[in-house]
Amino acid sequence: MTANYTPAEMMTVTAARALSNNMTCFVGIGLPSEAANVARMTHAPDITLIYESGTIQTKPEILPLSIGDGELCESALTTVSVPEMFRYWLQGGHIDVGFLGTAQIDKYANLNTTVIAANDGASTKQGKTSYANPKVRLPGGGGAPEISTNAKEVFITVKHSTRTFVEQVDFVTTVGFGRDGKVRDQHPQIGRGPTVVITDLCILKPDPDTKELVVVSLHPGVTEEQVIGATGWPIKFSPELTTTPSPNEQELDVLRKLKDKTARAHSAQGEV
Amino acid sequence: MTANYTPAEMMTVTAARALSNNMTCFVGIGLPSEAANVARMTHAPDITLIYESGTIQTKPEILPLSIGDGELCESALTTVSVPEMFRYWLQGGHIDVGFLGTAQIDKYANLNTTVIAANDGASTKQGKTSYANPKVRLPGGGGAPEISTNAKEVFITVKHSTRTFVEQVDFVTTVGFGRDGKVRDQHPQIGRGPTVVITDLCILKPDPDTKELVVVSLHPGVTEEQVIGATGWPIKFSPELTTTPSPNEQELDVLRKLKDKTARAHSAQGEV
Amino acid sequence: MAIFNSLQQAISESVNDGDTLALEGFTHLIPFAAGHEIIRQKKRELTLVRMTPDLIYDQLVGAGCAKKLIFSWGGNPGVGSLHRLRDAFQNDYPHALESVEHSHAAMANAYEAGAAGLPMAVFRGYIGSELPDVNDAISSVKCPFTGEELACVPAIKPDVGIIHAQKADRQGNVLIEGIVGVQKEVVLSSKCSIVTVEEIVDDLNAGPNSCVLPGWTINHIAVAPKGAHPSYAHGYYQRDNQYYLDWDAISRDRARFNQWLEDEILQTGAN
Amino acid sequence: MAIFNSLQQAISESVNDGDTLALEGFTHLIPFAAGHEIIRQKKRELTLVRMTPDLIYDQLVGAGCAKKLIFSWGGNPGVGSLHRLRDAFQNDYPHALESVEHSHAAMANAYEAGAAGLPMAVFRGYIGSELPDVNDAISSVKCPFTGEELACVPAIKPDVGIIHAQKADRQGNVLIEGIVGVQKEVVLSSKCSIVTVEEIVDDLNAGPNSCVLPGWTINHIAVAPKGAHPSYAHGYYQRDNQYYLDWDAISRDRARFNQWLEDEILQTGAN
């Protein structure tokens, strides 16, 4: 049976479903933004979306290409300065969910958006070594390092592959649970950290004790072998492994229309 | 010869003249506000007046009764929050002159607006002792403690009497030059402190070396004996002692009209 | 999410004896109606935080609601003293009142730090002042880069923060306009917040960078027309300067104050 | 007090080789015209500070103006990499580029601290991140009240701060509207500031709490219509997304970039 949706659509809709109507969500650009707006346009019409550009309670009709597109401000309840955004709104404890993407994620849900190391043969990874020996410079941390600790919890969405799912990230830009899985234990004043990771293959959650990411749900038609093959460490599966519900017609319709509208808008340009 | 103005008018006009057209002035309520607005309405039309309520570049037609009267906001270029006022505008170094009144001032231009001590017989004053043994509770510091250190310089205007001009203040709410005259030497990152004190009898300035207040100009008709009698320490007079110029017709006219208008407005009340 | 409530309900559901309260509004938009309702409900042992206690705290202190006052300028603006505060400080009437005394800069920074979720505020303050000698809550930190010693005070994080604003929309979003003081900070830093408003409107008609508080940052919204009187509401009504002037004589005399309390507060209902 | 100047004069009178510059604008109102004029005037050895270097710093770095970059997110938003930055970091082309890398929260707080006249910013940040291992400018302070260790970074205090805004009035007061980013902070914290504006108007028509900078906080105002292009100006023109997309191919290739530099910048005059 051929599914009537792509793995990317499955990922976005599943990520959207993780959000609920009464949440305040600090939205990263790209996949998180796509998912958050699908949520808002389907089951969570009242969800509060906040972007680090200072736009609060924004309701874009098209997806922003940048974190500070005009659409975000025009459709927002209000727009505050960037220092206020990071001080009062994020650090001040008003964000339920920080929604992030990443370039690399490891088994303790640490995120790397800083650097891919030239020498990845070393058995024990050290950010400092990677940083001094870059193979590829990535854009950097942006808002993520503090979103991850100051939001009450963190959702992550990222495409599943051995390039992204590595046993240890080359550099911890943004902490999940630390290289030993225990960093949050020493910091009672920060949030719970990543509670769910949504990929194009499955849903993962941290083990309550070890904080290691474990597959809790496979997307329809995806096998355990596929996930094992796409993950850079010996991935574990929950004993209560379930199958993720498929996207419904409305979700797919909203997502496709949103992407169409966005593509049309971003190729146009003009005076206000 | 009877002057055609009162000592209070002489004080206000002299204080107004201390301000110049290109200054930014952080204005205290009462006498400083009266003087600053007379300056703005006479020789310094472009002076920037800032009140701690957050009102920037305000041009009130009547004198505010409180530091946050509606008139201040309505006639301001813009109004910022109170934390922003104290952080960005005052501490950020954008204030040329802090203009203050006081209940007590001592020979090192320290100001007390906190407490009059019950026992003022002690030879060495200590704020802590006064605070524990109040005769009269005063309103407290308000903006003054940081205006005095974060403005580039400080002007003070206060009525001259032995009650206000004391050898040592009962409590240093707001530093002039400290109980020993040397506090600013240890703090290179703060402003110059008080540079002029204007009373209804004379003008005083700190000695460049000792920082002790010295009379540099007597108002017309005022004698050295009067100043000595109204000052609670053996006051010194500058070798270059001059006579303060009298207020001119325009200054008196502006001041009187301003006070009339203010009195009428403050006894009225109504819907906007 | 903001619940639209009567002021009576908002106070009774939120304020408990012994709570730390901040009723803010810097001269403008002082939430008098809410203060009066707290008096009416005979809340006790409150820690009251406010930069300028103003008449609102003179009334709460005189009515016996307060155990402690945290403040930075305790006068009747343009008039003189707050006599109920003085009577409490100097004569323990109606009972003893602890005080923690700051400068405005310290309080403004402490509210900012509270809103920013920090434990303390850091600023260049109190240099040469004797206030640190009489206030244990003033400390310092050293800048690791320059070695400069900076003043440090604990963040303000009230149990209940109460402000008055011009208007709310039907979703509970609130617009504050004019002198905005520390009102945003109070709502964002408080465990529970109450906003009284002049009116509910369909559309706030706010500019993109106006001072707007989203409904989900607020617990209770109560309509209280003229709820800031005798202070003022920019765009609605002016400050009642005569009330401030008249207060001096009422507040100066215990009997007159107690009569005022009986006639004007206890025998009247909330709006 | 703000002087009305041509952009060419404003840059030549303010920017010196070796200066620390912040050209800010968070996606919105990026001062591209000013950046291009800096390239045209061949300023060298600059320390460039910006949260998101964006195309503007990719262009300045590619043109050889920069010695050092202080930043927190160095991508082409929604498109990919900044290839001139990468080429400088990885291959020292056109020459070596030092970098100091922060998070957005750190930079935003550092700008705030600069505006607040403080030597450092204190915030809850970098917990568990390895950025402090590669950035010596990240330190910590301990809260004297709770014992919590908080992150601490030096305040940003540029020699020259440059922003673009919608409009100035004839007294040089400036209105910024929409996404206001860290622009107010940059102007207030810089030793010298340049504001380019879309137009000069008689009246800013600003609300009481709008983001307005008084003329006396600004050194130079230069009229530069479309001065934020290819970014956008709320109320004037939209973001030129196609320019951002097209930049990828130009920036990827040294020869194409150098040709672009010659044709689009060096051979054209300032507005």
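By letter and in written order, the chains are A, B, C and D; residue numbering begins at 1 in each of them.
Note that in this section a residue touches a chain if its C-beta (ideal position, glycine included) is under 8 Å from a C-beta of that chain, and two chains touch if they have at least 3 such contacts.
Just so we're clear, the structure is a prediction, and the values are computed from it rather than from any experiment.
Between the contact lists of chain B and chain D, the overlap consists of C. Between chain A and chain B, the least number of touching-chain steps is 2. Two chain pairs, B-C and A-C, are compared here, and B-C has more C-beta pairs in contact (counted per touch definition above). Separating the CA-averaged centres of chain A and chain D is a span of 27 Å. With centres defined as mean CA coordinates, chain D is found 39 Å away from chain C.
Residue positions of chain B with contacts to 2 or more other chains are 73-74, 79-80, 87, 91, 150.
Chain C has residues 112, 116-118, 123-124, 148, 178, 180, 184-185, 208-211, 234 in contact with two or more other chains.
Interface note: chains touch in the pairs A-C, A-D, B-C, B-D, C-D.
Residues of chain C touching chain B in their complex: 26-28, 51-52, 71-75, 77-79, 81-82, 85-86, 89-90, 101-105, 108-109, 111-112, 123-131, 133-134, 148, 178-182, 184-185, 211, 232, 234-242, 244. Residues 22, 24, 48, 56-57, 73-74, 76-80, 87-88, 91-94, 150 of chain A touch chain C in their complex. On the side of chain A, the complex with chain D involves touching residues 29-30, 52-55, 64-70, 72-74, 79-83, 85-87, 90-91, 110, 114, 126-128, 131, 134, 137, 139-146, 148-150, 171-175, 178, 183-184, 187, 189-190, 266-267, 269-272. In the complex of the two chains, the chain C residues touching chain D come out as 116-120, 122-124, 139-146, 148, 150, 152, 154, 177-178, 180, 207-211, 234.
On chain D, the positions that touch chain B within their shared complex are 1, 112, 115-118, 173, 184-185, 188-189, 206, 208-210, 212, 214, 216-217.
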